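Got a structure for you, questions after.
Chain IDs A, B and C follow the sequence of writing; residue 1 opens each chain.
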């Protein structure tokens, strides 16, 4: 029985991988599929590439650096025509990115940071995003009162958003941050956020005029906490960043305290990566026709009750 | 014939897997790809050989991956702070060995079952890793003397593969041909009988766990050198793979017992499987499913030793 | 007296069947409880002695003293006529007293030769390395088994694949390997079938013919009647009977154990 196991797994793999024509082949690596935003970028890119009739190999580094590097090696050995990386680590896996460039495999990254070994990195401008979210929240508070914040320092994007909140606070002294909680854990972070915010809400009962969250996942938990305490929409405005179906549903829901988000086009960036490879690698247009610098910035859109309908799925 | 199948069945299945991928996966036989598989196998196999040594002495070390991650960041810290490659090597091996010694102390002197003691140390190691780095990886200026440890080559053979051969040979010799190795095996197989026969069973268990830690440190050193980066949690992914390699290895050569050649062939088979699936364009989750199935099937087939180690809590 | 002369004297003592191991006035207390009181016992080369008694009669406490697992509270232990003190079972083993613990005697998954030599492996130097001398261990293990009239071809077979009788042979071969003069066997035929019990009887007789003293602890009266030359019965911590077995049936011995009186 055991002797056939490996062979059986191999056969299953064969069955899963449909007969492959000599189509254009793209490898897509997501750093950590268990993180929703990584999965959204990678899945959108995979869907867009399949729509073009390309052969797609979608990989998950499971948050592990050695695996990230290995998958790069394997894709290079596979001689794929291009590689797309979602939230990857071009600096930590520098040798593999360099190997791709040496072998002439073009690489486009999404939200991974710039590298000399890639064509460019598709990003939203986190500084802009952070400023927009902070200003919207301050506007809802009438530029006065107390707020509490839920932060996350372990990610460049969310860290920048927090910095922008700090800057806006410095310029608007009538608004005070009377409590902040930084998420420490990355795997059981939901519990961490719930416990931290519950403590802050209890400690500052009756004095809170607004809540800021560094990403939507945190905001869902805070929204549920506030609703459980009977807080009505608008009484304590809650603002966050990322966007997504669940976020839009809450923004449209008259019982939810979540007023707005700054929508980061994760799917859009994945699709944009495929478009860019199509024009540069397939259609052989110069890289400068897409972007001249190391970054290709995408627009983020503020979503609140006034425009949420266009984002909600019918 | 039946005996040959029992001893080499899974090894033959591994061979069949290689033949299968050679025929079906594009570029599998490309020398560069085969070399990549060999290099990737070295990290996994060295870590797995450590886990195997602890298991031979009858103890489970569930801290290997987190200890390796901590050893890597300790190594990265010293190298990045300018203490030189030698200090980095010493830090990696030292952290690994210290962790192994601690596990041995907890198991034989505090009498905490290894399943629990090593799980506890795993959490401590993880915490220390984040304390040392604040979550930010050590990247950038690594001296070539250090990166050469893993990236270099001798007479055309990559250093990683030489490391693997050296470690495997030493482990194989220790377990199969020395009194110490036999005493470790006896301490793991029948602790009371061995003790009554005059074997220093506690010392053998400490030795198994210490060597396991040391090899986790060696793995960390090679990982940091090869990737020229060190991040907390960087070896976390190897945890399940290393255990799977040992368990799968127990289905061959010396069925039912952890053994070095089996571990080696199993580590190679797992890496071949991973590489082949990628080359064939199989979906990313196929690997996880295959890994889980292999672990359960291996234990079902022949991991009595593991069951004993796990359930004597 | 020179040591050579002492050795000669010892050898002389042995051939005149002076006791290998003697107990004089042995007492064992556990706190206020007296487990063994004032026991004298002589064990002679080539003789099989059965130690019997109900549970709690003090057998196992007495055996612990002889095997080195416990220290007596009173009295003396003599080896070849000289007072001895064992620091533990391994010490006793080195002094020629081997105890075969039934359930714990062997490492089931190790090979036959590994079990025979466990804790006392043979090695040889290969260059700078001290490695196991497997060929010699296998040959010698085979020879020890041959002395017990047991033939097993493959010394690499794991012990768990052997029959109960064969396993006893391995345990006894190990005692031979340690050159034990006194072999203590605790219920050697428990859990064995009829044929295997007969095999083990053979083994024990051969051990005695080989010039060893055997102390047999057994609840099996047929074993005692068939094997032992002498039976020692304990009751309430005291030795109440010490006599030859010749002429006694299994039932007679059972009766003596129950009553504590000679018939």
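Keep this in mind: a contact is a pair of C-beta atoms (placed from the backbone, for glycine too) under 8 Å apart; a residue touches a chain by one contact, two chains touch by 3 or more.
Here the structure is a predicted model, which is why all the values come from computation and not from measurement.
Colleague: Would you mind checking which chain's mean C-alpha position lies nearest the centre of all protein C-alpha atoms?
Modeller: Chain nearest the overall C-alpha centroid, as shown: B.
Colleague: Weigh B-C against A-B on C-beta contact pairs and write down the one with more.
Modeller: Contact tally favours A-B.
Colleague: Return the chain whose centre of C-alpha atoms lies at maximal distance from the corresponding centre of chain C.
Modeller: A
Colleague: So, what's the distance in Å between the C-alpha centres of chain C and chain A?
Modeller: 74
Colleague: Indicate the whole-number Å distance between the mean C-alpha point of chain B and the mean C-alpha point of chain C.
Modeller: Inter-chain centre distance comes to 44 Å.
Colleague: Distance from the CA centroid of chain A to that of chain B, rounded to the nearest Å?
Modeller: 34
Colleague: Along chain B, where are the residues that touch chain A in the complex?
Modeller: On the chain B side, the touching residues are 5, 9-10, 12-14, 16-17, 20-21, 24, 26-27, 30, 32-33, 36, 40, 43, 135, 137, 139-140, 151, 223, 226-229, 231, 233-238, 251, 269, 273-286, 290, 293-294, 297-298, 300-301.
Colleague: Under the definition above, what is the set of chain C residues touching chain B in their complex?
Modeller: Answer in residue numbers: 89-90, 93, 101, 104-110, 114, 118-121, 123, 129-132, 174.
Colleague: Any idea which chain B residues touch chain C in the complex?
Modeller: So the residues of chain B touching chain C come out as 173, 177-179, 182, 185-186, 189-190, 192-194, 196-199, 256-257.
Colleague: In the complex of these two chains, what residues of chain A are touching chain B?
Modeller: Those residues of chain A that touch chain B are 1-7, 9-10, 12-14, 16-17, 20, 30, 33, 55-60, 62-67, 69-71, 73-75, 77-79, 89, 91-95, 153-154.
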